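These are the structures, in structure tokens.
In the two complexes below, subunit A is the common chain; its partner is subunit B in one and subunit C in the other.
Let's turn to the complex of A and B:
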């Protein structure tokens, strides 16, 4: 949060419409995302009740557990879900690209595509994580055998949930978080957690304004919750009797009844998910989105191609892995923040307000200035920028051009009238005269920032085998036990 | 008029509602709210009031969750808490010798709260002096809230071991691979702290040192995806500190009552109920949604006044003390000259407005 986004919220209140927080789209939206709207049984850790899923708006598939406390029905559901998800994962791969070999001569490839799962909210991710945890250790033989697809699903869901933690990754995204990255509403973050209310502010139905649409969205009868938690009144008055009837008769009609009431709960959210996808698609894609998606494809390629040799993810990360992961996430967050700022002047405005960037008009420009103090002359153009921004950078700081980050320079003077004198040091070509058009002319609007010019050294963590004894010593490779396979799921 | 009769009038003659640890823990969530303070002190049925005002609280519970919770609790407590004792002994390695289980809930017919509380007192007093008794289920405790005694109907067990008491709370959320959902653990810790505090008060009244109630409580939850219980010790010292501080800060009820009109009542049938509620000042924040039955009503009121609080604490903080949306916008577009204490905030708002404009028109 910042004054900038808070101000956007105030403007949203004043206008009755959500206000933009971004001028471009900061995430990849797949041509065929797999939309999933899961529901779970209240009071249980991970008892699935239903899921609506599919890659096409017009053709959702509904999977239902007519008696969520029945273990066999639950595993049958998991097997059905597994087939659909695994099929989707396979189909998303596309053609394989050959990449230049790695440093040690090892062959490298990248799949042309990757799966993208979209769920309504964070709790949806939590549910998939739990579903992954409760299925990935299952055995496909022996006394508790399950369908072979079930543990595979568990491992994939665990992987997706894990990828969701990575800032900027687009393999599993939540719709509320994604929309909130792009729009500010006139309600609090708590209310923004309701997908229908959030969309009500962003794109209210005809004849309604944001507040009216959001108010309508808060009525669980018109707008059932986006899951995975269900509306308690629905549970008590509709679902419970339908399940009881199924328990009694066990026939197809009773099952159809459970299906149809759950369909009614899921359908509105399903439609909202696709509305939201449409809104996101309408935004122009940010410049660095494709590069991040490429990292996602790398990550998918790796996991997919090593899937058959590897074990299910451990119940808990060993110490070194956990530390490395935390470090990776922090680095990813910094890189992602910087990339978004370079892609989007509205995000860069945050950094300008914080004094880590400044924008203004070029008042003086000496594009061919040479520094001749050394043995060889160097091209060191000077540039003066008049800015009104609350600059917090010191003389000597290295900055780069927000529009063309290769163009780098150093602040050498900040005058009392709000002028910043820069000496440009790189990104102008190799000759003693800059490439044409590279050094901004007087009158041009520019923005320079200290962001992202530092380099990120990879952290040094002990290898797996060298985990210090203080952290439990070298971890065992996690191999699921019989007990894991037989774990209750009730 | 005495406070008791004033509070009775506020209730409009209805029976006072009992507190439970959830309502007390929630009370401390917004200690500055006079409306809530007075309604809770008087034991007003806020849920009924909110319903009557046309803003019913969103706190329904699914029967699936209730069934599951009850089944789990019954299982843990079955056969004189057999499973619970196994847990305490095997999991936590406690040396629990012989066992006595007293359920303080089931007493002849409809006993008054005072009587039940007295019985709790008696049993605990005996336990203190003789070391007799191990598990005391459903003790009825009392805690002064804003100068008024509130009875607590805890769904917990007081567990005595070597002259020290521990609170045991049974919850039906799962602990998976040693981890539970942080919000649920936090809520359980807040509630347990209320019981620890109330039990400490009781011991003090009995002349025993408060430390004989441990700050370590035991949370009993289902493990992984099963119905098997697992026990986790939980140190609630931080929650106790917050609770103590917040309870002391709670606006004294006498002061609020003193400033209210003599004939104010929250009687449900009264026509002027909405006005009566509005007479007492509220301090709405989005957190109210999770903790107070009046939330929808207060939110509506706060929105109508254009307060920045409805947007949440982060926004409020960003706006550096400007609590009206209209004022903040006028400062941002320069149509309002700031008072000296708002000069800095106004400057930031104007810069933010300019930067947004530049970026959006670029």
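Let's turn to the complex of A and C:
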């Protein structure tokens, strides 16, 4: 936890309201996101109980399993859910953009839009991941056949959950984590996991302050849990009798009773989700959000267009894929951390306090300085920046300009008076004279940071069939089997 | 699957055999015992195994072993690649191999931005290049793991992987195609490799990319011989049992020197301050715990930072002299190190030291790995904290900090750490298929604190 976010938390306690941690929105919010509030049956790993979903606040759809222990009903629910989700995925594609051909001349396209799923919390993502795993291997013929849409849903849910792991990706987001990126409350991070309490701090109802609104959120009668776990008292006193009545009669009235009690549990969270979306939309979008959403659309385009010829995702990553994926995630994390700081002075302030960035005024500038020690002269302007920041970077560190990350340089000297001498090394054009306006002049305020400068290119990994002996040698070709569908908990 | 070793008759047999062997070695003189292990390792290199693993506790002669094994393989006519983790370690190894075996031709493979240090350019047998083709005639080629991972072709009959427990298994995956057989050397008690992202999807897989290279290697090749260097030449007799019990409870080691072999004394007598008393206690017993009153504090706790810096400066002022099997030498600033958990603490301590402590090394546990000093001053990772997170509890961190010294270690901490530990039992999730790590940081911390309690000097009475 950084000094600045600790301070924001203390201020939140003092004022009774959440304090901003960001001045811009660091995530994409789609024009028509698909909000999903899932519930599962207590005591089961992935037995769906209900889900409220939709792209319009006024028109939620409620799907319910009146007896979640009945597997036929579960997969009927999955089929209904699949129709809605698949329809949404299709409708979100938008127009297809033609891109310039790739390096090897192949055609490249990108869909104009992509689906965005919003769930209340992390456990919601975990539940969708489990639901995806329990449905993507199901057979559509033979014994226990399911609707063809069910395994398709499973594959899409798995894809969404995998994309959620990627730092900065916005295809599946959790509302509590997204809000916590932008606001600090005066409660613990565990308590921030409660969407109602978190929103109570950020935007308390009239007449209440943050702590009072958060305290109110602890009462499961006024604020039912945001799922997927349900309130145990509700389970025992309301849900169990309703399901028992359905078991006895099996009629529509009994089913309607289950629906109506679950509707009551889901509706408050549904409203909170849309309140939160409104809060997020009110923030101006960060400069690099569009570029990250473009990567998300690329990923969607690729998965959507290869969907029909690919297998369901394997249950486990083989060695090479695991290593590759970790590498991708770490690169994405680095880039995301840097981009957020570039987009947002408040985020950059945290890095400045931590000594990984420094801001100040240019005192000397030598924009046309050449380094003639090598065979050919190189453009190496010098820049001295006066800073009062507690710098913790060493001489020799590569840094870049926060306003223009392409402009890179190296720290040559840090003098006792707080002056930092930089030698600029790149981002000034190809000539021996820098492009006009690129090298900051004396008097300009600048901010340099080491963030994002360690961005190495994509690493090389062996092919799957070259998996070395240290990692068990090449794995067998993956072909999904019926065993994949059989899990003890499903 | 939960791994059960207790009921596995084959394993138990091996373990019993090993214990017998250890018992037999305990009677040997330390040099003979250590030498015996090195001979066994070198013999195993010709035993037809694809890999050999050597566990080395702190200061047990790991680098010496790497140099010997490299010379041994080179003498047998094999071309050899050596993988180290940092440029600093690469230069260290080059210096040692070139110094000891000037007849072996060495190549240093490096990135284009690397500027060769004097330690490398001073040796005629070393050539520096950025492309492996330019080093094709070299018997031994050394580079960092990151550099080796950029190669897509070429193969060496042998590799020596140094600090293999600090290398992540995904790095091993990227470089394993470059060698036929390999010797893996490292210290299992030091800091585990880490990742900047938190992902649980590979937990329990034998090829989990977040695990260390050695654990993945052994999970897939359980029959590889594993040796253990039995003697720490760095740690004094006062420290080896403490570190061994706390961090290596099942694979103990002993010190190469006996109780009276190392002595620390001061040119100037103390003035009876609490700092002086702590220094005297450390000189007499090898350990001191300088205890500040209990208080919750920021990470850069002003009082603790000041005490840490002041102890180091006072040590310098009193003109320490170290007597050891290597002779008698003054404890200058270059022989003193200060260790802390966080970078901001390091910066604060450096600022506090100022001119009085010029030349004293101040660094984080990560960067102190593999280094050696006469006396260390350690700011305890849990000092003044309100919680004990996995980061602060990691046994490797405390192990690095308390095993860098040849003579004495002074720990600075606020009172109340045992109570803090009791309030924060380990809560890390347990995953099926993941071998349980012993000792856990909680137990290791308690064990070290229990020992330090006998060497406590309170800052305020």
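Going forward, the second predicted complex is superposed on the first by the 416 of 490 C-alpha atoms of A that agree within 3 Å, B and C clash if a C-alpha of one lies under 4 Å from a C-alpha of the other, contacts with A are read in each partner's own complex, and residues count from 1 in each chain.
Throughout what follows, contacts are C-beta pairs under 8 Å (C-beta built on N, C-alpha and C of every residue); 3 or more make two chains touch, one makes a residue touch a chain.
Note that the structure is predicted; figures quoted are calculated from it, not measured.
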So, does A:334 touch the first partner subunit B, the second partner subunit C, both, or neither?
second
Which partner does A:232 contact after superposing on A: first (subunit B), second (subunit C), both, neither?
first
Using the touch definition from the top, say if A:389 reaches subunit B (first), subunit C (second), both or neither.
first
A:316 in the overlay: touching subunit B, subunit C, both, or neither? Say first, second, both or neither.
both
After the superposition on A, what does A:10 contact: first (subunit B), second (subunit C), both or neither?
first
Touch test for A:345: subunit B only (first), subunit C only (second), both, or neither?
first
On the A-aligned overlay, A:281 touches which partner chain: subunit B = first, subunit C = second, or both, or neither?
neither
Which partner chains sit in contact with A:240 here, subunit B, subunit C, both or neither? Use first/second/both/neither.
first
Max touched-residue count on subunit A (subunit B vs subunit C) belongs to chain B
Please report the subunit A residues shared by its interface with subunit B and its interface with subunit C.
316, 390
Which of the residues in subunit A come into contact with subunit C in the complex?
165, 167, 316-320, 322-323, 326-327, 329-330, 333-334, 354-355, 390, 392, 459-462, 466-472
In their shared complex, at which residues does subunit B touch subunit A?
60-69, 172-174, 176-178, 181, 222, 224-228, 286-287, 289, 303, 306, 308, 310-312, 314-315, 318-319, 325, 328-329, 332, 348-349, 351-356, 358-360, 362
Enumerate the contact residues on subunit A facing subunit B in the complex.
1-4, 6-11, 13-14, 20, 23, 41-46, 126, 130, 133-134, 186-191, 211, 230-233, 235-236, 240, 315-316, 344-346, 348-349, 352-353, 359, 388-390, 445, 487-490
Which subunit C residues qualify as touching subunit A in the complex?
50-51, 149-150, 152, 169-170, 172-174, 176-177, 195-197, 199, 201-202, 205-210, 213, 216-217, 220-221, 343-344, 347
